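A, B and C label the chains in the order they appear, each numbered from 1.
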Amino acid sequence: MLKTTVVVIGGGATGVGILRDLSMRGVDALLVERDDLGYWTSSRFHGLLHSGGRYAVKDKEAAKECIEENTILRKIGKQCVEATESIFVRAPEDSEEFEAEWVKSCKECGIYAVPMSMDEAFKLEPNLSRKLLSAYRCPGAAVDGFRLLWQTVASANKYGGKAKTYTEVIGIETVNGEVAGVHVRDRWTGEEYKIACDYVISATGSFAGNVAHLAGIDVNVKPSKGTLIAFNHRICNHVVHRLHPSSDADIFVPHGSITILGTSSIDSAPDDTSSETSEVLDMMNIGKVTFENLYDYRILRVFAGTRPLYSADPNAKGRSASRGFVALDHAHDGIKHFMSVCGGKFTTYRLMAEKVCDIVCEQLGVNTACRTAEENLVDGPSDDLMNRAKAVFPSYGAELAASRLGNEKLERVIKRIESRPETKELVCECENVTLAEIEEIASEPSSHTVSDLRRRTRLGMGTCQGTFCAYRSVGAVDKDDMPWAKDTVFLFKEFLETRWKGIRPVLWGNMLRDIELTRAIYDAALNLSGVDEIK
Amino acid sequence: MKKSDILIIGNGISGLFAACVAADKGKKVQILSYGAGTLTIGGGIIDVLGYTDEGTPVADPMQAIAAMDAKHPYAKVGADTAKKALDTFLKITEEEGFPYIGSANENIWLPTAIGNFKPSCLVPRTMNGKALIAAKNILVIGFDTMKDFYADMATKNIAKRLPDKNVEQLIVELKFEYERDLRDISAMDVARWLETEAGYRSFVDQVKSHVKPDTAIVLPPVLGLDPNYKILDTLEKELDCALVEVSSLPPAVTGTRLTKMMTAYAKKRGVQIIEKARVVGSEIIDGKCQAVITEGFDRQRKFYADQFILATGGVYGGGLVAKIGAMTEPVFNIDIDVPKVQTEWSHKDLFGDKKQIFAQFGVNVNSELTPLAADGKEVASNVKVVGRSLAGYDFCVEKSGNGVALITAYKAAAAFCGEA
Amino acid sequence: MAINKHHAIDPDKCTACTICITACPVTAATRKFRGPKMTGPALTRLRKLVSDDDPMLDYCSNCKTCDLVCPSGVPISTLNMLAKNEYYKTHPRKSPADDMLAHSEKMGKLITSIPLASTFANLGMTIGKSVGMLGAMGISSNAKMPSYASESFISKFKKIKQTSYQRKVVFFSGCFINYNQPEVGVDMVKVYQKNKIEVAIDENFVCCGSPMVAGGYIDDARVNAAKNAKLLKAWVDKGYDIITACTSCGLMLKQEYQELFDFEGMSEYAEHMYDSVEYLAKLHDEGEFNTEFANDSTEYIYHAPCHLKVQAIGRPSMELLPLVPGIKIQEADAGCCGISGSYGFKADKNPIAMKVGAKLFGKIKDSHAELGVCECGTCRLQMENGSGVPAIHPLTVLRKAYGL
């Protein structure tokens, strides 16, 4: 029987942060995730590494935490963070008094907010609305959720921490009011088994209530859905915030090759990741204040995630609920060594983990101090390795691959291309993903679908949204020696239908044209859904 | 020559075919084109009707067309004209030295690049799916460094679908140079290679010993870039077996051949093609279109004609513009009736057995293919709409794309030339 | 840098459909070029994010076949040119010939300003070729270099006595006509006079900048564009139409300026811009074209330059030239000639240019035509070089037909 000290449930930012922290403190830990890492909220956000500026007026504590963690993550997570800086801009409809208060608050919180002339701002960001009135530079940044999660797990791996994806917890076993283990099911094989442990931490975000229920405990999480819009190119090169009290659709984050506009806030079920056209249009109309030509930019897709807002009061709603996080020790509910962690922000995921692990370690009698702020998640590639990468990757490929893969995997991918040069072929021409990278990630035991490859590589996340790379990626993995690739049609549909979900609410303009092309290829030319009665 | 008898907007398959038909009947025809027409990225095959609305394969397309739902473009044309259209197309291919095979009354199952099969009606001889079904042995040929064909996947799926055949695969080595600053190899590159003496010889040398008696070869579309069967014929002779190209994705070698063939035929018959002419509007007086208006970086221009055929390729071709809660046809400014809420434009799944809702959006026409405005009135009596911009069909689910294009184009052109 | 929306230079319209790849002549000729879609819209997105060595950028010839076939209106070639220009700000140039070829006006000015200099320059070119000096400069020894005229068009123009007519045009001759083939400009004036049009020139016009953009010197082109745009707008305000007899100049002035730059008056003067033959075809449509031609039994083959095709004006030469009695003229319809302005003169690009043009050369030779006809000067050189058949401007055909 599988045995560990701590089982962490949930492969979001909170869960992987805890896994890494425990592992670095020498505590035996295993993370189980029902889906893929970062399948839910930790990738369904705008990818903003807060400077704290957004909270400076309303919640100074949160703001200070943000700037501290922002500084730490830029250092330890270099491969996941794009240090773009942010620009806060005030529109005519935003209050001037708030601006003054905000400037003062940023100073108090230790967040630099450098004023600049609008000419300067327009030079930095030519697409900004010419109606904007004032602008400040702050230390915000873009962060890649998928990458941060995988690299955090990679770091935990070095200390013995393990993560199992597609492993669903179906029961929490207690003996005499104390946790004894969890029962899980492998979602691909259907196999059910037990993992014995001394401690269970549920870091399941919006699903915290569901998991606590397995042990007969109530946890009040109010999932609040936020929709995000991904645009086809970099509208801006800095994070751009509206300088006003936090509201919907007031953050633009340049994210790799695209821009993400976030977000909205609607009470929802924990697994509701759908978006309505009306939400998108509401956001577009607000976003237009910041970028006046917003409707001209092509939307790639929309997506949604749920914020796991925790409230002791079951009637609390939406954004007004506390943004902080809570660690609920269920000893108070009669089960020892079971903790639910809810709420929190992606930016402070490391700090949350530190605080949780302090409590857990104390209960487990472990005295080691937290070191997660001191060590990089993964090593960056050496100059030598980068030179080797540049010699084999197609143009603009080496750096992107290096930041996606981290040092070790990059070297393996380079070796693949060095030994088989044809694997530098671009499977995804929009995001520059090579066949070698697809083969490398596909061979990892955590890969089960082409969407899994997508989350690791950005395959299918660019202009054509999978239209061309679906064929190439399925073709690359649909081989006898690939254990998870069995049914060609399933592989195609799983990938393409997921992409479609994000396009469906914005099916106009080029989005519809692209879908026509997708259908022309996969339905008309390749007959993906038609029956064949060959005669 | 600004004034023509018939002015055609669009140079996809429907526009070109309408031009060929009208020019053959002595009309002075001008085509305004913006972009190369999606014919070039299409598969180069004529799907007429592969499936019924219920998703059952169609045995005889003409029979099925005769029983079509009234909203379907085919219902406005009828089986007799449809057959004439397809026969005319076959005649053109014959004259151009690139004869297609198949008949209007039968579907052919073609292997696809996945390794499953799709029904189509008229196909070039390089895609004779029947040869595959007839052979005892199937040899799937891939090329070691070519992108966009995966022999493993194709072989596995063909074997699954044709369990009584002996399906094997062979990877031909291209031995192309390969380094960082040389681009990936596409089917078009391999087609160019096969057009060279050295490439051709290398291919034969590598394949010949693997061809058993009674074999058909399946391969990606690489049998030359031009509309002729030179490479196919010599290979079939030399290897003593049939070669069948799969239905594949763009960049499309097969679509390029068909484009070249149709364009050549049209030009030979004096059809004038004005490229990069973006048509932005029209001038209608007393219910008759006088001219269409183009716009570029310089100024607007008017193109006059007696009759107009709108062959602008639907949403993909730019012939319909999808907006938030609305859709319009920009040349004659026709509002297309669509739901206000975008999510009502589609089914939840992209791929299913049902026709997609948005796929059926398009211009409503009467039985003469004359466009109708939202109020049901004729937009202009001397205008006909053909091909993808028509409402009422889903070419993907039905497998009817180029069929609807050819058949409606024929009807429009023939009607303008005085044929009932 | 974020992508500037104001100039319609944005990759959002691309659906990655690959039509451009099937049509691009350079893609067909070499795998050193990754194709228009990748080099243009696809990588434009990534260039905002990372920079890298990208030798493939250099291979786009700016022939604009991609723009021509794109169903989505993506300014692919212009995206390529912008990327190339940005690239050379931080990377060393591949070809030492870039500077000279991009700034051909400088050389033209220098040579035509000194008596007999053209003779020596042309001689020098021949000798240079034979001793490999041009090769060292990065110029192909295989390309046919344009020779310099002893007297510039502007100088010749001043000697022409014109009849004054109400219909007035200003002729933007461009460098090639001014310094290399002034007789084409003279033919233009003669043909226009025959059609009751008065032709003006403007000595303040400078090189349109087309070779600068293609060579990676957009900043220089911007300076020229600012000058030309202002002058052109002023002529239009005075009631003149603007005529070009070089299709690349025409395209640059009316389209590429608008795509690349942001000067006032560009769209206004563009409304009055015409290719020299297009303008006559317009007269013909209006019933005012002079068709008093003498018989011409010469057999011609016409090649439509890529930069004409993309102007959406059809084939005006194929409308007018067949009006000449006795004439035998066919369109080659064989795609790009390969030269693309200065591209084919570069040593590393010339083999590509010759490969691209091979189909056209074959067509010309097989046609047994006595003369090639083409609006573009460098296309004509390439036609002559590839097929051995001399090529002339359609205006020259008309001038002869008028018996002038």
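Brief remarks follow.
One rule holds for everything that comes next: a residue touches a chain if its C-beta (ideal position, glycine included) is under 8 Å from a C-beta of that chain, and two chains touch if they have at least 3 such contacts.
Keep in mind the model is a prediction, meaning the values are calculated, not measured.
A comparison of C-alpha centroids places B closest to the centre of the full protein.
Among the remaining chains, C is positioned farthest from chain A, on the basis of C-alpha centroids. Computed from the mean C-alpha positions, the centre of chain B lies at a distance of 35 Å from the centre of chain C. In terms of their C-alpha centroids, the spacing between chain A and chain C amounts to 50 Å. Centroid to centroid, with C-alpha atoms defining each point, chain A and chain B lie 41 Å apart.
Contact of a single residue of chain B with at least two other chains is seen at positions 38, 181, 184, 250, 316.
Of all residues in chain A, those touching 2 or more other chains are 394-395, 468, 513, 517, listed in ascending order. Contacts with at least two other chains are made by residues 17-18, 34, 38, 55-56, 72 of chain C.
Looking at the complex, you find that chain A touches chain C at residues 125-127, 232-237, 256-258, 293, 296-298, 390, 394-400, 429-432, 462-464, 467-468, 510, 513-514, 517.
Residue ranges of chain B in contact with chain A, taken from their complex: 38, 42-43, 47, 50-51, 55-57, 109, 112-119, 133, 144-145, 147-150, 152-153, 156-157, 161-162, 178-181, 184, 247-250, 314-316, 321-325, 341-343, 345-346, 348-353, 356, 358-359, 395-397, 399, 401. Chain A makes touch with chain B in their complex at residues 276-278, 281, 391-395, 421-422, 424-426, 468, 471-472, 474-476, 478-480, 488-489, 492-493, 496-497, 500, 504-509, 512-513, 515-535.
Contacts from chain B toward chain C in the complex involve residues 1-2, 34-38, 40-41, 176-177, 181-186, 188-189, 192, 250-252, 255-256, 267, 272-278, 294, 296-299, 301, 313, 316-318. Across the complex, chain A is touched by residues 1-5, 10-18, 34, 37-38, 41-56, 72 of chain C.
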